[in-house]
Each structure stands twice: as C-alpha cells, then as structure tokens.
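One chain, chain A, links the two complexes that follow: it is found with chain B in the first and with chain C in the second.
The block that comes next holds the complex of A and B.
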C-alpha cells in the first residue's frame, strides 16, 4: 500500500492497542454520504427486477423454460439459492451463539451486519423456495398446523425456515429499525414506543433462544434431506453425519460471509477496518472449519470409504477441493499474526466461503447421480433468475445500510452521520450525540 | 479399412466351409439368432434386422486363423465353447473359426504339437488371432509353468508378438483370476500386463459367455477392427451394464424381498439374493440377459446362487463370497422412463454466462484483495479513499455471491 505510512512503524509486538487505542469499530453507523441510487445499485436493482419478473413468468408458465427434468427435480434455485445461500445467511446464527452463549463480546460490534446479511439471504432464499416448490399458491398452509402435510420430508425445512426468517430474524433486526423510527417519530408514537420497550426487552432473551434453535434445526434438516437420496449420492458425501456437518458448515459459510461483507463494505464506503474483531471472526471460522474437517474425516474412516477419497477421479478431486478450500484458511487463521493481516483475512474469508458453499452445492448437484443417462444443466433464464435473487440481496442490503445504522464505524463517523442527519432532516429530534432530544 | 487376409493357406469363407462340410442351414440360422441375442447392438456383424440377413453377413466372413494358448487355467473357458446343448453346435463353432492350435483339443502331443504351433505361426504370420486362456506366472522367472522347456512368459511373448490381435478369454487371462488370489504364490497376472502394444480384448468371466467370444472374433475377422471397448478393455456390447440392471429378480430387490439364508422361504420363492452376498449390483456382465448353454435360466442367479462378480477384478476372488457389498447406484439407467422426459442439455449461452460470471467474480475478488494491506494490524481505510467523493459506485458491492 502507500509507502508514506509511518503510523504502524515500530509497533510493539504485544499489541498494546487492545488497551490504548480505541477500536475502529465501535457502533453501527449509517452510510450517510452516499445516495441510495448509485450506478451499481441501479444495475443490481434491474437484475433483481428481471429475476422477480421471471418468477412471475414461472408462476403462470410453469417450469418449461427451465432445464429441470424428472430425474433432477431440484434445479439451481433449490441447490444454489436455497441450499447454498442460506448457509451464507447463517452468520447471524453462528456469531450470535459465539457472542451471547460463548461470551465473545467483541463480536457484538458486527452483530448488526451479521443479522442483516442473514435476513437478506434468508428472504432471497425464501423467495427462491417459493418459486421452486410445486404449488406456491399453497404456501399459506404453512401458517396453519392443521394444513400441514406431516408425511412430507420437507415439512421441517418449509415450516422452520420462514418462521425463523419472518419472526425471529426480523425481530433480532428490530433495534436499528426502532432507532430510526424513534428519532423521526411524533411525541405520541414515542410515548407508545417507550411503553412498549419493556415488553420487547422482556421477550428478547426468549426470541434469541429461538433464533439459535431454529437455524440449527433447519440447517441440519437440509442435510437430512439428502439422506433420502440414498445411493444416488456419492459415498464421499452420503453419511449419517450429514445433518451435523451441514450445521457446522453453515457456521463456516456464515462467518466467512460476514467477514467478506464487512471488509467489502469498509473498502467500498471508506471505513477503517478493525483487525481485532475480524481476527476474532477468523478464529471462530477456523474453529468451525476444524470441527467440520475432523468430524468429516472421522466419519469417512468409520464408514471405511477413505480409500474412495484416494481414487483421483473427478468427484474425489471436488471432495479434496472442498476440504482444501476450508482447511487452508482454517490453518492460516490459527496463527495470531496472520489473523491481523487484512489481506490474509479477506482472502481466507473468500476461500472458506467458497469451500463451504461448495459443500452445500456439490451433494445436491455434482455428486448427485439419479441415473447414468440423466443430465441437468440450468438454462440461461434459470441462471438469470437465480442471479436476480442474488442481486436482490445486494439491493436489500445496500438500502438497509444506507437507512439504518448497520455497518460498524468509529464514534467520529457516528457524529458525522448525526450532524448530517440534523442538517438534512429538519424534523429529526436528536442531540449532537445522536441521543433522542427531550424537546 | 484394409480387410485382413486371415491366412495364406485358408482363405475360404465361412459359407464355403459350411457348404463343404454339409452343415445344416437350419442349425446355422439357429446359431446366428443366438449370436444376435448375445450381441444385440454395438456390432456391425449383427446389425441387420433378421437372422437370415445376419447369416448372410456372417457367412461372408473369411474364417479367422486362431491360435489358442493355455496357461494357468482350468480349461473352463474352452469347455464353455464345447458345452452346447445342441449336439452339432460344438462342431459348428469349429467350422466358424480355423482353430489351428489348441492344446487340449488337438490330437498331437510332444514334438508334433510343437511343430503344429510353429507351422500355424509361420503360415499366418501377423494375421492370426491369439486367444489366451489362463494367467501368466512371473514370480521367480516364471518357473511355475513351463511348456516345451520354456516358461509361459516366453511363449506368450513369442506368439503374441506375431499375432494380429489378442483375445484374453476368462478372468485369469484378463487380470489373473483365481491364480492371482491372495497371496498370489506364482505372481500370476493377465495378458494386458505383458503385451501392451497389441490390440487386446479382455473377455472376463468364469467362464465367459461363448457367444461374446464368437461375436468378438467374427467381428474382428469381418472388419479388422475390435468392437468398442470400455476402460478395462471389455467389449461394450456385452459389458456395458450391470447384472443388477436386468436381473430377473430385480422386482424383488425393488420390493425389498430378500432371501436371508439358503433354502429359506424367500430363497424358495426366488427372491433377491443381494443379502446372501450377490455382487450383481456392481458386476458388469451380460449374464442376466444371455444365459449359458442355450438354456433359459442356466446362470448362477437363475439357479439360486448369488453372483460372485467374476468379471470384476475388485470383486471376484477378492471380496468373500457371501459378503454384502454396498450399492452405489441402485437405479438402472432406464427404469420407469417417464412418458414425457425432456432430456437436459448443455446450453452454450448458459455455460458461457456461468463461465463469464465466475471469471468476473474471481477477478473482482482478486482486485479487491489487492486493496487490502498485508501489514499486520493495519486498521487504516483501504486504499481507495481518494476516490471517495467522485465515484462511489465504481466497484460492485458484493463480489463473491455468484
């Protein structure tokens, strides 16, 4: 980077900044200096509109424009948008457990980012699930247990995933929304909110508990679904341990996705990066990945298919790629000095994220062989629709961070955002510290 | 394609030969129709629609000169050619090929036999088909099998180098078979190990179906080309799918009806033998549709004995007879074809889009990674800060999601 930098020269080896220097990330700050409609935003918005428009075509025209067939009933929307992207959306789940249950309190600085990425990925995943299931107009049945098809193996996922996203995850994302409403609200609304707050505070722990139980349930159920595929799935993947491995790998993917999102947001919106928090995330990712690899190989040895992994055919190579992509970052993140290098953190997050996504993607596609002569490759329109949903996550996330205090920043930036808001919104009622003013 | 001349001495066609020997035409048509069953597709020889038309093709073939060598074997593969249910069929088989040297069938012995081998090689040098039956011992310079004072290895090299093509008949000649079972005291191996450069077909089986052998040798005599082979050099027309795919007991497998012990109720009712150790699901062989000795049901599973995987090197003589194997692919390629089955296809537009998208994402990820410092604990703003006010939309936000 730039050579005129002297601020880090001669830094002591004992990391005194942990005590001396305030951390760059102290609280969520709006991305206030960028308008919502930028060129990139319009591009992603157009792509997502195409994607949503195609799902209308699919609703009335059926599945004819897709490449799916009777052997491959799960197309790219299920294998990528639902199976893979909800793993990326597990950051709120994994980081929440690490922060609240295992007491890694430094992670609270990035909790809002984690929860918001989780919410947008889950919403996009749910939309994909809706257009992917056979009769989307019956989706409302899920709200009423009397209408459930209790013989369906998809029931757990179908009930649990919307419940988590719409109730629990949305609830967890309330604080930044309430903040915004509160500072803009009239006196009456403020009074109502003040009275409601104790109730919300009281139920918050229970909602948190639910928010950690439900993802564990449906993430493992996604793995359990593959048990039904039986021998169609290659023995390297087909295992009784699939549900557990799926939950752990969701942790890897989720944390990697949050790391990536944080660093890209910092790069893009000029925020300093906090290697202390990112290093902690990297450590969490590394621990999940190690647990994943240990369980996976122990299970392979237990089932006696380690020899299959040594056959250097295509599937075995994919298997090794999965393990290497997750295992290398895990090893790198073990070392403290490497956890403090921004570029290493960034590349590790990308590698682990791709590896974890591969583990979600491969068992439902490449390693899934329903018959020797069967073949599936998505059509262009299917891919466009799939990309449209991904673009939708970008659109939702970028609107969210520009309107709400999500992306972590320093206190200086917070004051800058407050000052801007007080100039911009005459009706806003905050003091110069951003606290709601009394008058 | 140059049509090979099989032998300077014997250039007569099968038709000439049959006529000269007064073979019954009806018998020949019967043989041809069985050949069509054994090789229903994949061969030019049997491609015609009716037995009469195929008989015309076969009759026009010049009789190939065949030299048949025995090594470490049980002569079962020769027996399978001879053990036909119709009395004259065995004779007919020897009218189709010109069997010039065969140790167990020839009348000669000793020096006469040696002379016969030498004559056969000299007269059809480079034009005869060598059939090898049995495995070749290599341990301790091959002393475990000698013929006329020479080890088997030497004989194979000598004869094999002068052959037009080699057919390794039976599992022993294909990879070693029974003699190579652990601990393999003689160091037995198949032909493929020693003669890599020659055109070679493996016809594994213990014993293999004789019609597969005849179809292969006649096809080679007709066109000078070997039939299409799989990765283990087995002809695809016979070894392209597993026994399980067309097993007559398959419906019991699908219904979960398994014989649990020999002689129990399920076994008596002809239920699936998988749990008795049947290796059918992993064994590529034509047995389930082409039975032996021209008798319906004359094959292992047909008489209630589990398949032991004789055509597969990783199964036969390696996995215990009654050990249940894991099933990797339960569904046959063509079970329950749907009425309307749109086949998936590779769309150039879609693959191009995927390639471009992935390439763009990887490139963007690399470019983004270069903006981050490699210095430990560098908490500064990443290096694009100068461009902040002008164009915040220059880079996409979520690079990795494609």
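The block that comes next holds the complex of A and C.
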C-alpha cells in the first residue's frame, strides 16, 4: 500500500464538512455491508465451539488428558492463554491511561477498538483459567473476602481479573452497545436510557480510574506469581522487578495488539488508515518498550548478573530475542517519518507484540527449570482448547465490530453506514447524520 | 498463639465502590513458631540402610494405594514422590567411586512455607500449634501454585482423579490425637529418621557433628537456614546437592515473594491513592471532553460518541 491511498479516504466525500478535517479516523463506524457469517468467521466459530465444548467435557473429567505433570504444573492455558494473551488484552489499560490521564487526545479515536480487544482477550483468559482449575467446586470461596489469603499473588489475580473484565471493562464497552440499542428502542426504553445516561456519565471518571488501577494490580501480580518460584526461575528473569516489567510489557503487547488489529481491520474492510493516530500508538509502544529495556538492564546490573546474559546458552539467546524484538521496533518508532509509514508501523507492531508476548510467556515455561527432570508439551486436545479460546476472541471481536460502531472510520464511512442502515432496516430511527430521531 | 496465620491476615473490611476490599497490615501475619513447639524430623543419611520400612509404613498410615507401576503390580516401587507416595527412599551412587548414600524425601515443613504464602484460599496452612504444613481439601481449588512455589518440589497433584487431591507429607497429623507421631519415624530400625521438636533435633544434629568431626558434609545441618529454615533436618556424608536437596538461599521465598507486595498493598493505601489521583485527572478531562463533544454536535449534527 502506498501512502497516497492510505492517508486519504479514497472515495469522494459524502459530506462537505469531511474536507475540513485532516484526520480520517473521526468516529467509530460499524462494519456494514459485510455479513457476520463469512467463510473465515465460520472457521473461527467452529474452532471456538470445539474449544468451549471440550471445556464443558473437561468439567466432567480430570486433567489427565493434558500433558501437565508435577514439575510443570502449569500448562499452556495458564502460561499462554492467561499470562500472554491478557497482556495482548491490555490495550484498553495502556491506551486509556495515555489518553485520559496523560492527555493524548488523538488516541480517543482508537479507544473503542482497544476496549473491545481487551474485553475479548480477558473473557477468553478467564475461561481458560476456570478450565485449568482442578477443583472448581471450591471456587465459591472467591465470593467471601474472609476466605482470602491476602499474601497470595494468585488470590490477587483471581479476584482482580474477573472484577476488571466483568465490571470495569464491560462498563467501558457500554457506550457503543447503548448507541445500538437506542436507535432501535421503543419510546419507553429510550426514556429509561435517557434517565440512565447521566448516572453513567457521573460515575464514568471513577470507573475509568478503577479500570486503570485494577490491571496495574493484576498484571503486576501475574509477574509476582513467579517470585515464589525462586531459584527455579533463571536469574535473568528472577527479580523483584518482575511485577513492574510484567505491567510494562502488558502495555507494549496491548498497544501492539491494538495497532495490529486496527491495521488488519482497515485492510480487510477497506478503511482508510490514519497514520497520525497509528504513529502516536507507535510512539506510546516505543516509550513502554524503552522503559522496559532500561529497567531490565539496570536491574540486571544492580543484581550483578549481566554476565549471565553473555553466556551462549539457549536461555541467554531467548533473553536477547526478547530484548531485540521489542528494542528494534522501539528504535524504529523513535523516528517521526517512520512512524508515518503504514508498512513500518505494521511490521513494528508485529515484532514488538511478539517480543512482549515472548517475555510474558518465557518465565513460566522456557526459563522455568524445575529440579525434577521432566518434559512438558501440551497434548493435542490441550492445544485444541487453547486454539479454541483464541478463536473465540476473533469470533467475539468480529461480531462486535459488525454490530457496534467500534472500528474507527472517516465521516465518509459514517454517512455510508447511516445511509445503508436507513435503507436496510426499516425499524431504525436515525436521521441522515445518524442522530436518533422520532418517526 | 491461637489465631490461624491465615485468619489473622484476613480480617477484611467492606468493599468500596469498586468492590475493592481493604487489607490488614502484614505484620499481623507472621509470628514464627517457637522451635520448641515446631514438630520436625531429623534424617541422618549415615545411619540409613535403605530398608524402606518407612515407605511402607507411610503408605499404610496414610491409607495410600501403593505405587506398583514399575514392578508390574508386584510390590511398591515408586520412582519419586507422587500422588500415591508421600515418602520415598532414593539411592545416590557416586559416578566414579564406591561412595553411595540413601536419602529420604518428604515435605520439609518449612518454617516460612512458600506454598502457604501462595495458596489463594489458604488450603495449605502452617499449623500454629506444631508448625505442620497441612492441606485442607475443602479450601483447595486445584490451582497447583503450591507445586510452582515449593523449592523442594514436594506437593504432588492427583492428575488422574476427577476429585484431585494435593498429596504431601503432613507428619501424620491425623495420628496425633491417638498419641501417634510420624509413622516413618516409628518403624525406622536404625534411628536414621527420628521425630521431635526442631530445637532438640537441631541440638542433637550438632552434637553428632561435634562427636564425629569430618564425617558430615560441610559439618552442617541442611534445613537449619535453607529457605528460611525447615522443620525436617538432614545430615549427610555426601553433598546435599547429590542427594537432590536444592542449594537455596537463607531468605525464605515467602519473605522474598511478599516483601514488596506487603508495602504496595498495605491497607490498599497506594492503589486507593492512585485511583483517587487518576479519578481527579480524568474528571477534569472528561468535563472538557463532554463540552467539546457538545460543541461538535451542534456544528456537525453528528451524535457524540463516548
């Protein structure tokens, strides 16, 4: 793609005001004109049904079909679906803080994408966590704070993660849902919603602040889990800085995931790309990655294990791969002119995303070396379930963007979507701008 | 001490709007058990003949099904601690000399156990009266964090069972009421493993080292300081590492893993302060954001999107 056909909207403007705005990404627009059930969607749906179906079957049997053993007691569901994929789902957290706390206003354009990707990854992660638990009938203790062991980082994760996903992330994702309901709603329902809106707006800042504190807590606690692994974890990773580095890498992975999702969605559904916003995301990603590298190397030097990094063994190579995969994109994204090139942005997001995911995956797997020599590799069914949860995120996301105004688009697209909806759905009650109206 | 360590930690106050509960300070938690109350064992590898009477006694006393996989169902022959084996005797043979040693492995009953710290709902507890690290089925969700945390890799998970148990030595605590002690110590013919309180056992071990200079590895007791100290102590004529006992620092993992956590989460003060700070900033930005949206709506006619 050349920069010409990506930075301009392409199609002639449907509305005169469009020409005044330099930024193609002006508002969330439904993915319209595309059916929900496409061939790719059916594939992902089938895979997710298999994954969720096997989870139900798992509820009636033990964990014996997995490859997990007493040395590697945490398998791929915890290490990949929870540890790694909730990092990818931290876009809403990282971009939210950047926009609302640090005032990067341009990022509001991609907030809905960030929040929806976060929600789907967290929901899939929670499902994986539930399936992984060996004695789920005792989970009721979670509801009673007097039963909590507050020393435990796992308790913090178990309390904080569902609380964040089910209450805070769900709340943050309400506005597009409300918009959709409102345009179809009866007058009575509209009256109720009109009365509800002020309440939502009144608690909005406080809920947002909660939605940034909670991920900071549980994403760091995911790192803190590994502190108790002590000497089993290689000294390149075992550090009191693990919790902090885990949060920062959640930021890198989350922003990278949002950049990737936005660009794939724009390519797939022929949306213009707003390199100004993507460049800003790239800069945010770069800043997080730089913070990660500086803290990591300062910590290694402080603990006196920098020499360990020079060893030419497999683990040291993994360590270098982690650093290079986030470090190179971070350097590239430092340059303003490179931040404006879609191809560079896309490749950088993929590299940094993989690097951050690798860092979040390695301490529980490759760098986790128990004394008891055993081998763990997930069984086929275990992998199938894991893939099913990933497919579930794709399914939920693609349904969401076709039902709700999430993917950022230009005013062209907005008017196109409104005009289409007004023709296609006779019950819809909006004017030509998309304003809810009475008919 | 009549308050359970876990209970002491837990007095939770009511939730705030976010459903966040306030935590009690960490100091309330750890008051270590006196060495004279702490029940433990002393295993002296120089006295062990490898008869494995302790292994069968353990299996019988704990109603375990003997692991006979390796012997094709003929006799008990576990290869390691597992869901059917809470106690095992292993043999170490030096590669290039006739030196050999047996080693008995079971739960070490750490003074500050990492498994108890990690266990989310306190299914593993350090009993205040005798320091036994005990497992409670009704509180365990089967997360297996204890297996990740234990530096000795002792807790084993019952993978094949629909109702999986966490299996580990509990010093035969179910026999205490009838005046019994750890079954393994009662059957040992040579006194290689004996039960007692940690203070006496440690003194005994040091007497043996003093009486036989040069006989014991590094003239020291394994478990005196390792991982913050353990209630099961080891004497050996070969290196502890050769026996599969890990080389550990003196700081307990429970302390290493929670010292920052305890500062960050004390009274939840830091998270709440952070929340209040961000809520203040976001509130002013949100007002501005709303105003801008209203102006835009008036000029373009487009519905505002939050």
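Methods note: the second predicted complex is superposed on the first by the 400 of 439 C-alpha atoms of A that agree within 3 Å, B and C clash if a C-alpha of one lies under 4 Å from a C-alpha of the other, contacts with A are read in each partner's own complex, and residues count from 1 in each chain.
Criterion: contacts are C-beta pairs under 8 Å (C-beta built on N, C-alpha and C of every residue); 3 or more make two chains touch, one makes a residue touch a chain.
These numbers come from a predicted model, not from an experiment.
Asks: Superpose on chain A as described above, then tell me if chain B and chain C fit or clash.
Replies: clash
Asks: Classify the contacts of A:263 with the two partner chains as first (chain B alone), second (chain C alone), both, or neither.
Replies: first
Asks: Applying the document's definition of touch, where does A:361 land relative to chain B and chain C: first, second, both, or neither?
Replies: A:361: touches no partner chain.
Asks: Who does A:292 touch here: chain B (first), chain C (second), both, or neither?
Replies: Touch partners of A:292: none, neither chain B nor chain C.
Asks: If you stack the two complexes on chain A, which partner ends up touching A:370: first (chain B), second (chain C), both, or neither?
Replies: Both partners, chain B and chain C.
Asks: Counting only touches as set out at the top, which of chain B and chain C does A:230 meet: first, second, both, neither?
Replies: Once the two structures are laid over each other on A, A:230 reaches both partners.
Asks: Pick one for A:273: touches chain B only (first), chain C only (second), both, or neither.
Replies: First partner only.
Asks: Once the shared chain is lined up, is A:69 touching chain B (first), chain C (second), both, or neither of them?
Replies: Both: A:69 reaches chain B and chain C.
Asks: Report for A:77: first if it touches chain B alone, second if chain C alone, otherwise both or neither.
Replies: neither
Asks: Mind checking 99-107, 333-341 or 351-359? I need the stretch of chain B that runs into chain C in the superposition.
Replies: 333-341
Asks: Do chain B and chain C land on any of the same chain A residues, and which?
Replies: 17, 68-70, 230-232, 370-372
Asks: Hey, which residues of chain B end up touching chain A in the complex?
Replies: 326-335, 338, 341-347, 349-351, 353-354, 357, 365, 368-385, 388, 392-402
Asks: Which residues of chain A touch chain B once you look at their complex with the stated criterion?
Replies: 1-2, 5, 7-8, 11, 15, 17, 24, 33-34, 38-41, 43-44, 67-70, 72, 85, 88, 230-232, 234-235, 260-261, 263-275, 337, 340-347, 350, 353-354, 369-380, 382-384, 387, 390, 393-394, 397-398
Asks: For chain A, which residues are in contact with chain C within the complex?
Replies: Contact set of chain A toward chain C: 17, 27-28, 60-64, 66, 68-71, 73-74, 97, 100-101, 103, 108, 112, 132-136, 138-139, 141-142, 145-156, 158, 163, 167-168, 175-176, 179, 201, 203-206, 208-210, 212-214, 216-217, 224-225, 227-232, 240, 243, 368, 370-372, 405, 411, 414, 431, 433-436.
Asks: Which residues of chain C touch chain A in their complex?
Replies: 6, 9-12, 15, 17-21, 23-24, 26, 29, 80, 82, 114, 117-123, 138-145, 147-149, 151, 153, 155-157, 159-164, 227, 244, 246-249, 253-254, 256-261, 265, 271, 274-276, 278-279, 281-283, 285-286, 289-290, 300-303, 305-306
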